[in-house]
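When the chains are written out, they are named A, B, C, D and E in that same order, and each has its own residue count from 1.
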């Protein structure tokens, strides 16, 4: 599939598996390089060239993994939701496969956020785990990922699986949001609210629980790095899924012939 | 539609007591809890409301896979799909039948079981109300899960894996109402939210369930 | 015999992750508990051991009806009955396969989940040990229940109804071991009793199960 | 009324099994589908009944006119024979099940739980269901499985009676049913998998 | 070896369905059971296979010599055709499944998950199971259900081959299988319900 293709008339044409393979294949190296670079810079800067926090000591550096992974964990689900909608509305197989590919990555990121959080919690709150709404809603998010992946693996027929998981993803999203509110209602937590993206935090003017600039720029970098990493993984996994799907189709042909 | 409801009820009664089973399971979970967590009655009465809700939820769960599985296996579901009633109707009826055979009896029996876990007396009324308002949602959501997993062998565990996260909001608000009721705190907000969830699911989810069933039948 | 074990494991893995599901369900039950009983971590850590045991027991329960039901529905059980292996062997193998896909993973995962319910650190070791010693009994007893109810439509609830009372002793001693272990008290006696129960059931119950299966097949 | 199938292509397990299927069945006549195992009879009937989507082609009238009797009967073992029939009748707004019971010689068994019937008796019950749907077009998939000669005759009579009332029937079978009506060999319609080319990559998914 | 059934009475659902059944089948020959629906063919075969107890009478040799193919095949949809056969083969200590695959023309389908087979293909798999049991006496209950003509021929050949090797077979069927071998009409053995007298009040329970 290496020879030239006519220029796409609409963005949707990238959802044609063949064009997707060509395009993603072309994109892959750039994303890879970019990701490695930003991640390396961000993490190294964060770990070695920032002062220890006066309150939290060196544990604060966990934030460079914790926050980005948490961010990705949330956005992976959003991406799955969008992909599912695209599949249901426009029936582009690639989007269904992309959703399938995103699930394990998102689940892993959720686990990382949970783990790093737990490790962080030990020194900060004196406990590995507390039923703080932020934490708990992540746990619940993890459960949603589990159910979604389980359904994918349980159904043999690929198209049926795509349809059903999409339906689950949409309904699930609604309930995930519901649960988040329910949890906040259920318990007030020790976990701090979003401060990274607050102007005060950036300008360093606001007082309590600010993430001051020293920590902020490397954090931003590593967030971008994680985002790139996510895209990279999705591209690779989707390409794999496309190929696997194609192999199955060809085998089916074989049988009929 | 009515015919379908009648048949489902008849079936669940013939097949060894629709009502009985859910109740009995509920009873057992409630009785096992003290064995597990120890007999200390102070502890018990603090967790009573929660355990009751958990028990109700689980005994709902156990009967879910039967909502559609049997009809699928013996081909009845296909025939229903070709029958002159909308699949949404089928889904709703199935959910209703399930609620009548599990949610309803559980609601009515809850106070009796509350005694076993020495739930504080003020709690009883609100326990019942919260269950009455909450359990329909459990049945409808459960039907959706059953629709997704119908036709998969060993659906049982997979089904619960998919359904339980969807139960979280209902469980939280329901237990909250019961707990606050027991402690005589204000419970209007969670009660309202609980009712909201139930109404929304009852109104909307059957469409999703119907879609899932149709997909599974192809 | 080995062939049967291989097949059963293959089936439970093919049908969407034998191991995964039980674990996931366990995780969910553990997660739901605080939603029901409230986030107060003091309360939680007192009931942690009990809840863990209850969760393990329930996730065992949910997979029970698949032990024999599928083989019965597609006629495989009849053929196994006419095959040159003793029905006792079949029953034992089925129980073993069930334990390998549920009891074992649960045991290994229990400590991780202990963290969630902030089980006191001393508890972890004994939690694991009590599960390792107790869960085989759950599988064997469960197989017996499955054998009794095989061939009944909507066996699910009925099965749990029959099995749960039989689980009581295991649950009591198991939870006792875990709780005492957590509180650093003496636990030799309950542990010994637990082991006794397991050994006895593993040794004797398969005969009862085999008899029940034969009767159900007539 | 007439059943018209115009170059229909049916898919199963993501692959085309039949393509270019064309036939018409006039009211009052029956069509017998023939073909070796695995050619696609069941798939074709399911497509006609609207249980799965056609890959391409037209079927008129729509599923709402069709009653389909598959390998599985969809009757409940715990309900009695008459209860099962009454359920289907109600569902289709038919009031009286006694003709159906009579046609398939089930009166004697009416009170028996369906689970306690022998294979052939079960089958008769399954076929009787068609008579209470009130639909014009009957689709049968191997209807005479495990029926004895008398029951086969019963079935043939029932179908003839239905045809006599202007209904029509499509029957997939491997054995002779003593049913007059023209026969369709499905062999020629077997789908030939298209050979691989670059740009049916997209289609290769379906 | 010889299969000897001496005045056998079989019960189903608490009622006698057949009584005084007598027949012998010499090795190398086949017996075809015939009779209307519900006469008791399945019940009789299940009794021979040792799946239910005889009310009275003798069957020699015991079940350990018999392989029984019932309405249900007992194959797993998620396992492939060959995996299913291998399982049964191992169970009966047979090592090689290739002859069975060949006899029932399943080589092409060997890698297919059994769930994705058509009715007839499933049936062929079910019948192939008999060939890997290594048992002398084959009991078939309506073996040719939903088989096309070629497959029926395949089946007949397989049985003949088995007979040729000194095996023997009992086949319950409604249609002609092109199998030589004597035929037994079960009609005459239909159990007559004993009329009520005072002192068989006790037996009335059985």
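Keep this in mind: contacts are C-beta pairs under 8 Å (C-beta built on N, C-alpha and C of every residue); 3 or more make two chains touch, one makes a residue touch a chain.
Just so we're clear, the structure is a prediction, and the values are computed from it rather than from any experiment.
Trainee: Find the chain most remote from chain B, comparing centres computed as mean CA coordinates.
Mentor: E
Trainee: Taking each chain's centre as the mean of its CA atoms, which one is farthest from the centre of chain D?
Mentor: Following the centroid criterion, the farthest chain would be A.
Trainee: Where are there more C-beta contacts: A-D or C-E?
Mentor: More C-beta contacts join the chains of C-E.
Trainee: Quick one: chain A and chain C, Cα centre-to-centre, how many Å?
Mentor: 35
Trainee: Compute the distance, rounded to whole Å, between the mean C-alpha positions of chain A and chain E.
Mentor: Centres of chain A and chain E (C-alpha means) sit 57 Å apart.
Trainee: Touching at least two other chains at once: which residues of chain E meet that condition?
Mentor: Within chain E, the residues that touch at least two other chains are 71, 78.
Trainee: Indicate the residues of chain C shared as contacts by at least two other chains.
Mentor: If we look for residues of chain C contacting two or more partner chains, we find 15-16, 21, 24, 28, 35, 38, 153.
Trainee: Could you list the positions in chain A whose residues touch two or more of the other chains?
Mentor: As it turns out, chain A has residues touching two or more other chains at 140, 143, 146-147, 150, 154, 186, 255.
Trainee: Can you check the complex and tell me which residues of chain D touch chain B?
Mentor: 49-53, 63-64, 66-68, 70-76, 78-79, 83, 87-88, 90-93, 129
Trainee: Which residues of chain A touch chain D once you look at their complex with the stated criterion?
Mentor: It is residues 1, 16-18, 93, 157-159, 245-246, 249-250, 252-253, 255-257 of chain A that touch chain D.
Trainee: Over in the complex, which chain E residues touch chain D? Could you list them?
Mentor: Counting only chain E, the residues touching chain D are 13, 35-38, 42, 71, 116-121, 124, 142, 145-151, 174-175.
Trainee: Per the contact definition, I'd like the list of chain A residues that touch chain C in the complex.
Mentor: Residue positions touching the partner: 118, 127-131, 136, 139-140, 143, 146-147, 150, 153-154, 186-187.
Trainee: In their shared complex, at which residues does chain B touch chain C?
Mentor: For this pair, the touching residues of chain B are 12, 15-16, 21-22, 24-25, 28-29, 32-33, 35-38, 43, 46-47, 49-51, 53-54, 57-59, 61-63, 65-66, 70, 73, 152-154, 156-158, 160-161, 164-165, 167-168, 171-172, 175, 179.
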